[in-house]
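Here come two complexes built around chain A, the first alongside chain B, the second alongside chain C.
For the complex of A and B:
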C-alpha cells in the first residue's frame, strides 16, 4: 500500500471539476459571502462579528462540502468504482479534503475582505483557522460516512450549523446557566476568544491554551471518524 | 496460463440453492460467457469483489485471492457493472483523464476515443450522453485500466448496433492482446455472439453450452434418430390430417400458432421457446422436431440453439470474420446469432456465392 500523490491529485482535479458544475453544493459558498457583505456595510465591527462570518464559513462550507462530496459518491454509486481502483481510502479522502480545504481558504479570504477584518497578528490567526478547518473537515468526513445522499447531508448539517456557526450567540446564556459553560470549550468559541486575545495584544505563547483545545477537537474528530469508518466498513 | 480460476464455488440462500459447487478456469486470451439469471449473476459478481464471503472455495486472479493481496487482485481485474455509477457532470474527456490518473495510464487517450467511437463526444457531459454512449464510456474506462481479466455484466443490454459493434471490436482486441474476458449475461444471443465458450449457471450447476465445434456430428446423429422406419409409416398415414400449427403451452393451456407468426425459436436447456412479437412461449417439441416441421415454411436452423423465420430477417450482420448475427424486422430489431458453418449454408440458400 503506497500513498500516491498522483492519485490524490487525480481525485482532487476530478472533484474540483465536478463541484464547479454542481450548483446545488457550490452555491452554499455564497451564503457566508452574503453575510459578510451585509456585515461589511456596518460600522465598527467587533472581532466577534468578524468571527460569526468565519465560523459560519467553517460550518457551512468546510463541513458541508466535505460531507456532500463523500455522500454523493455513495448516492451516485460511484464509490464502488473508486474502491475497486488502486486508489486507497487515505488517497480518496485526502483528495477530497484538499478540495474542501482550498475552497474554505478562498471563501474565508473573500469574507475577510468583505468585512474588512485585519488582525493585528495575521500569522497566529491563520494558524488557528487552518487547525480549526481540520476539525471541520474531520466532522464533514464523519457526517459524509453516515449520510447516504446529498439530501441527508444537508439535513445533518443543520445542527452543525446551529452549534458551531451561531455558537457565539449562546455565550450570554452560559452566564445564567452554569451547566452551559461547557460551550466555552467548543472550537468555535475558542477561536473567537483566541482572536480577541490577539487583538488585545497577546503573543503566540498566550494563546497556546486556546490552540491546544482546538487541536484536541481535531484529534477527537479524527478518532471519531476512524471509528465510524471501521464500523461502516464492517456493515457493508 | 490461467488468469481467472474459481474453485469450489457455491451459494445457498436460505432454503434454496442458487448454484451448487463448480470450478471454472479462464486462460489467457479466452472469451468465456456465463449465462444465468440476474440473481445468480449479481451473487457471483459480489463473490468476486469480496462482498459475499466464499465459504469453502476461492477465486484467484493470476494466482492471488482477494484476501491474500487485495491490490494485486483488483489491479488485474476490471469489471464493467451493468449499473455503474458515473460522474455525470464531467465530460467524457475529463472522466477518462480521471481514471487515467488513477490507473497510471500513460498512453494517448486518442486510441481509447477511437476504439469506443466517442471522438465526437469528447467534451460532452456524461449526463447528456445516450445510454449506449454511456456504455461505451464504461468500456473506455476498462481499456484505460487494462487489466488481465475483463468482466462485463450485461455489456450489450439495450444498446444500439453501433455500440454492439464497438463492444465486439473491443473484445477481439482484448483477445489479441492475450487478455481474457468473462461475460455475465442473461441474454443467450449476446453470450453466443461475444464469447467462444458459453456456460450456463443455475441450480443444476455449471454446464457448457455446446456451440459450434461438434455441431455437425451431433446434427447427423439427431437426423438418424428421427428416421426409424415405423415413424415414417406413421407420418404417411397421418399426413392428410397433419396440422401445420405449432403447439405451445401457456399456463396449462395449449395455444396454436401459425408458422408465419413466429419470429424465431431459441433452445434453452433442451426446452424450445418460440418467440412471437418479443414474447416467449415454451413448446413441447424439440428444436430438431420443430426444424423439420418448419423447414417448408422458410425457417432456417441458423445456430445450434436457434431456428429463425427467414421471412422476418431484415439484415445479416458481420461482426468479425467468424461471428455473425441476423437482425429481424421487428420493433426491437431482435438479434439472432448465426454460426459460421450456417453462414455458408445460408448463402447457398439465398443464392449468394
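For the complex of A and C:
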C-alpha cells in the first residue's frame, strides 16, 4: 500500500478552495461560536458546560462538515473520479479529513477562548479532543458515504448531531431507564467524564479507560468507513 | 500483437434483465477499438466492468493480463483513463483547478494542463468556473482530464455526444495524437462517422450481444452488393449492378463521354447496423 503526501495535500488544497466558496457548509462553523459567545457571558462555567460547546463543535463542525463534503463528492460523481485515480483509500480519506480536522481545531480553540476554558492539564485534554475528532470524522465520512445527496446527508446527520451534541442531557435518565446506560459509553460522554476527572486532578493513567473507550469508537468508525468506501467503489 | 483487453463469454444480469450475454472480444495494444450500439445496448456496462466499477455476473475479462476484479490497485489506475457518464467535475472550481488536482494525483507536471486544453480547444477558458460552462465545454474538460497523464489505455464512453462538429474534430485530432503516441483507445459511440474515422476495428453491440466485429472497410465490403451509381451529363443517376453486365453499361457511357461521376455503393456502418440488427443506431 503506497501513501503519497502529495496526493493527500492535492485533495486537501482542492477541498479548502471548494469549501471557501461553499457558504452553506462553511457557515455551520458559526453555530458553535455563537453558543460559545453566549455561554462565555455567564459566570463560573463548569467543565460540563465547556464541553457542551466542544461536543457541539465535534457534532456540528466535524461530523456535519465531513458528511457534507463526502456526500457532495458522491452526488456530483467526483468521488468516483478520485476512486479511479491512483489515490489510495488512506490518501483520499486523509486528504478529505484534513480540512475538517483543521477547521475543527480552529473552531474549538476559538470556542474555548470565548468561554474562557483553561484546562488543568491541556496535554491530556488536547489528546482526548484529537482522538474524539477522529471518531467524528469517521462518523461523518460514513454518513456521507451512505447518503445519496447532500440534502439526504443533512437529514441523516441530524440524529447524530442530536445524540452526540446534546447526549449529556440524557445522562440523568440513565439511572431511571437502565437501557439508556449505554449512553455512558458514548464518546461524547466519555470526553466529558475525562475532562471532569482531569479537572479534579486525575493524571494520564487515571483517564486511560475513558481514552480507551473513545479509541474503540474510532477503530469501529474507521473500519465501518473503509468497508462502506470499498463497497462504494463498485456500482450495484 | 499483444492483447491489452481480453474478454471471454462476459455476461451481466441486472435483476432478471441481461445487459450483456456471452460477449467475447480482444483489443490489441495500440489499437482504437470501437464498441458501437444504441443506448441501452450494454456499452457503458462493458466499460464499467473493464474498469473495475462493476462486477460481471459470469465470464472472464482481463486488462493488462489482470482479472478485472483485481484492478483497484493504484499502479493499474495510473495506466488507464476513464470517461463515462458519471465522470464529475468540481463545480465551484475553475477548469485549471480541476485539472491541477488530477495533475497532482497522477504526478504529472502542471504545464501539461496547457497541452490538454489545446487538444480540447479550451485554451482561452482556463480560469472559467466549471458551474458556468456549457454541456459541451464540460465534456471537453472531462476529456482533457482523461488525457492529462497520457494513459496506456483510455476508455471513452460517447466522448463527443454533446459536441458540435468543430469541437468533435478537435477531440478526434487529439485522440489520434494520443493513439500515435501509443495509447490504446476503447471507444463506445453511436456515431458511425466517428467510429469510421477513428477505429481500426469495430464491434456492433445489440441487446447485450456482439453481432459483428471487424475492420470498418472489411464490413463495408462484406455487406456491399458491388453496385455503382453513375451520374450522367444529362442529369440522370443510374444504379448499375456489379459484374460484366454493369461493366458493359459503364463502358458504354464512358466511351460516349456521358459520365460525370461513378461511385461504388458501399454501405455505411449505420446501414450495416440496421441490416444486422433491424434498428437504427440512436
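We take it that the second predicted complex is superposed on the first by the 228 of 236 C-alpha atoms of A that agree within 3 Å, B and C clash if a C-alpha of one lies under 4 Å from a C-alpha of the other, contacts with A are read in each partner's own complex, and residues count from 1 in each chain.
The working rule: contacts are C-beta pairs under 8 Å (C-beta built on N, C-alpha and C of every residue); 3 or more make two chains touch, one makes a residue touch a chain.
Everything quoted here is computed from the prediction, not taken from an experiment.
Look at chain A after the overlay: chain B and chain C clash there. Contact with neither chain B nor chain C is seen for A:137 once the two complexes are overlaid on the shared chain.
Once chain A of one complex is fitted onto chain A of the other, the partner contacts of A:70 are absent, as it touches neither chain B nor chain C. In the superposed pair of complexes, A:81 makes contact with chain B and with chain C alike. In the superposition on chain A, contact of A:14 is made with both chain B and chain C.
In the superposition on chain A, A:54 makes contact with neither chain B nor chain C. Comparing the two complexes, residues 6-7, 9-11, 13-14, 17-18, 21-22, 76-78, 80-82, 84-87 of chain A contact chain B in one case and chain C in the other. Only residues 48, 51-55, 72, 74-75, 77-78, 80, 82, 86-93, 97, 100-102, 104-107, 145 of chain C touch chain A when the two sit together in their complex. Residues of chain A that touch chain C in their complex: 2, 4, 6-7, 9-11, 13-14, 17-18, 21-22, 76-78, 80-82, 84-88, 233-235.
Every residue of chain A that touches chain B in the complex is listed here, in rising order: 1, 6-7, 9-11, 13-14, 17-18, 21-22, 73, 76-82, 84-87, 236. Those residues of chain B that touch chain A in the complex are listed here as 49, 51, 71, 74-75, 77, 79, 81, 83-90, 94, 97-104, 125, 141, 145.
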